[in-house]
């Protein structure tokens, strides 16, 4: 099921990226107190495109994509259903907002969308915390997903002006990147001192070159940002690549309990 | 009409090829291909050697490189006499036909299925019939055109020494494919 | 397949539309189209049968196995769907084993040999498909030319082994060869001859208590046997005894699965079982626990045996020989002697040694002197053959064509008397050696129910000999390493495609095997193949074969029944078996009447017969042959196969993906080998490349590989086995001693 | 008094690791090679000292609170009144979520059908008053069907070493641990 993993990597990272972009965009729009319509709307459109790409990718992990619609029906118990519902709603609301932006920026609608985005992200965090994966069967997916959203969201600002809120965004990006790196080093270390399966997971992550490459890519922008508070498009690329690689470790490198049956736990 | 004769001739020749018992029969079968295809046939220096290769792929006694049985590709597991064989058997029965080999040769052998297709196509070319058309379509879309491509790919993968074998595997894939596409013709 | 598959349940396939199609076809000039085609018009046979409703048939597993399970085969629309054990047999109680449950896969495996094939150039892999007629013709031509050139048929050899134990398969091929004339036969047994002779010397026959009677034992020693793998249905009776308080002891150089399920496990040095048994006997003597009453009434030569023990055997000596501490030997001996009834299951493993027959005699003596022979829940259990009294028709009813010239046995031929011709019998345990020195030379070999390249020792020498043949004919279901060398392979049927009747050499059950599906492709039963050859022989040269020319498998099966079988099993005819398997109506306790079949009519500690065959009259100890290489090599059965069968099936590979050699941690360390390393197991005869698995289940001086034939793998344990023979076997197996295949040696190194 | 819950009883003391149960399952359902509804797991040497001499024969545990049933986005899983968890292949869209989520690896992905599948405890046979194929196959009664609502055996273990503990799922399976023989190794 490796191909399934790849489609999940794309889906989760892109969807979370778009949430991050929308939240960042909204915050800048409010906190910076200004922001001309055109680039805000462009931000939202890019976020929408990312989300669409993600949703398309998600279809490829399903054996029978035509049945995907049925997945909306089981929200009662299935976090996966809830995720699908939440993300779709978020997508719809984003689209609607983008349309509405043609006239003026609908602040409250934007806020609503941003909040729904965060909700969808938390829901999908819960969907990827199955009991078979003790290392992830907790809040860590939510934490990781939030960080992904934040870093991609902030980095995306490198494409859009106005340059004078760069400084403010840059500071936040530095903070988020450092936090991400910290969390992603700490988690596996904690696991390594846990039960057999958690330990295997921790070791697997640390043993994976992909994992370290993703850490390096996350760290790359930091010195430049510290030097000059200027965001560069390459930083967005680096961060996005980092998140994709990180998510690959997340899906491929995590040990499951059933692989350990017959051995001590 | 011309088209359907060409198709019938191709099907017959492919049928005879994949159930051939020796080099001579292989050669004869290839000889019965329509001219345009025949002109493309790769040269075969030694039909006996081709036969050894043919047997390695489709006959035995060693483990077959590409068994010519639908079940191997359609059943949940590669076996002969799987559901697909019974499916084929029932289609023949529905047409009032049966395999001359009874259960000795699984009913889903490529040649038997090609023959069934040839007959259905032949009948449809004279006398249009919705139910028969539907049966033909099911047979092609749910059965033949599902496994024959897999079969042909397997042949290409193992790459026979004798290009004639690959040529005929490709030919059978193309032929089934074209029937599948020319659905509307009759 | 994205789309819903509606074909199978669509109305298109019902009777209504069938009629309309048939009309169409005639209208559409299908007659013309059918001409030169494959498919032919079908007579109306009612609407197609709906799936589900399977029909059950009685089958029997044909493998050479203690359990010989009575089976039920479920068939739908002419296709075998699944198999089960027959609950009517209290021995298997409705179960099969990992091998038996893989049969549906075996029958329909795409790997089966499908047609008669001829190889152009031995081992080239260039195969031509030929018709049965052509195959039989070239075989008969060859036979006739040998006869013409040599004036006799000793150049024609048969190797029929235990690949199928169906009764007709135990007669028809031999029958055909008898019908052809005096030929060369590979005989003897790779299995049990040494212990078999031993029991004949001691009891005058080989009969074991009903295995279901193990439940009555108070003390069980499983000696050199691993029923948890090789007779899984016997385990429940051992457990039953345990639950009733019996102690179960396992004696084996390897910590087997059976050992893990016992109360106590002893690991003596390989090939020292005789010493262990005699040490125990001596201790029992010292404790005064010998059953002198039983011995006085029923045995011959106990005083001599007692004297031998007192003079030549001590517990201490046994401890040194076997490596088992003296106190343990003493304790086990005492427990065994005091427990009533106590029994020993003597495995075939411990007699495949140069001193194996003597070991079995020593164990027999141990059981006899404690008065456990002829007792419920007692006995020295080895096997039985009383359920096998079939006609072996037609073999038993035939003689060669008049005037046939054959082998003259100088030992039997009295000067001045008319020459007596016979077959030339060679020991299959030394097949290569025998072929090399055979004069007249063997020119043509027919291999049936046998895979010598995987099962006979010294494979490299074997291959040389086989390559030297003019013609090799192999009849099989799968393309074995022997078939690779064949000139002609003939596809044969599984039990589901033919009629058979089966019995076990362990339990007392008799089961019939109905044909439940048509033979696949062009596979034919041996019965039919033999008849075809005979028919053609007589066409080419009238009178050249006295074997039946038209014989159906079913008829042949029926003719194997006789009054003995009917009486023994309480049936009036074979048809009674169609209701299910039956158990022999016989006292489950062997030798209960104390009437032994020895010359003296008693149990013989002192056997003149043994002496006549060059063994000591008493079960004296004799140490095994010395190592000829660093490690002992054991090559026993795996639970995933029977000899070279089953392991090749992909269902089996899901659970048993690849071969390996087991090495003790200490030896592994000294050779710096870790689990998963590829290693070379080698000696002067050949080598095996295989993955290592480190475990202390095997002792330090031992390497263990399970004999097997894996699809697409060269692995073959016979590469490193020599053709040493056991001490016994000559008495009951026409001079052919048993194999010493558990007494082999090799070295190992990391690759 | 809990409601009916059928369960597998795995007696490792009796189990001889013969794989008959696992093959009987294949014999009955012919799953794709590589797909195993039942597997016989050897115990590692830190649980049982002898290499590959003690086993747990495991399939779907038909949990009281099945993850598969909870996480399936299309409701392909149902739990019968007798506690058997049944997977409906017609509903399955092959999202693989159950395969990812089950800590016991019961649901398996069938690459050919692109759908999940798993042990059904042979409910069709149980309804016909027959034993499941694996249970009938066991030569030593080491594998049995029990009803937890009336099962009461103080010795039986729920989470023996080598079997993952998930109280929230409450797997319907009980165990008996293997025993060790008294081993007399040879000296020299």
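In order of appearance the chains are A, B, C and D, and numbering begins at 1 in each one.
Keep this in mind: a contact is a pair of C-beta atoms (placed from the backbone, for glycine too) under 8 Å apart; a residue touches a chain by one contact, two chains touch by 3 or more.
The structure displayed is predicted, hence computed values, not measured ones.
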Labels of chains that are neighbours to subunit A and to subunit D: none
Of all other chains, the one whose Cα centre sits farthest from subunit B: A
Higher-contact pair (C-beta pairs counted), B-C versus C-D: B-C
Whole-Å separation of chain centres (CA-atom averages), subunit A against subunit C: 64
Geometric centre distance via CA averages, subunit C-subunit B, whole Å: 42
Centroid spacing, where centroids are CA-atom means, of subunit C and subunit D in whole angstrom: 34
Subunit C: positions in contact with at least two other chains: 105, 650
Residues of subunit B touching at least two other chains: 77-79
Multi-chain contact sites of subunit D, meaning residues that touch two or more partners: 30, 33, 113
Subunit A-facing residues of subunit D, complex: 41-44, 46-47, 55-56, 58, 67, 69-75, 91-97, 99-105, 109, 113-115, 161-166, 168-169
Footprint of subunit B on subunit C - complex, ascending: 1, 3, 5-8, 10, 12-13, 17-18, 20-22, 24-25, 27-30, 33-34, 36-42, 44-45, 48, 77-79, 105, 107-115, 117, 120, 125-129, 131, 479, 483, 489, 491, 517-522, 650, 711-712
Touching residues on subunit C, where the partner in the complex is subunit D: 82-85, 92-105, 228-229, 232-233, 235-236, 239, 250, 255, 257-269, 322-325, 328, 639-640, 650-655, 693, 695-697, 699
Subunit C-touching residues of subunit B, taken from the complex the two chains share: 8, 12, 15, 19, 21-22, 48-49, 51-52, 55-56, 59-64, 67, 69, 72, 77-83, 85-87, 89-100, 102-106, 111-112, 115-116, 118-119, 122-124, 126-127, 129, 131-132, 134-135, 138-139, 141-143, 146
Subunit D partner contacts - residues on subunit A that touch it in the complex: 1, 4, 61-65, 67-68, 70-71, 73-74, 77-81, 84, 130-133, 197, 256-265
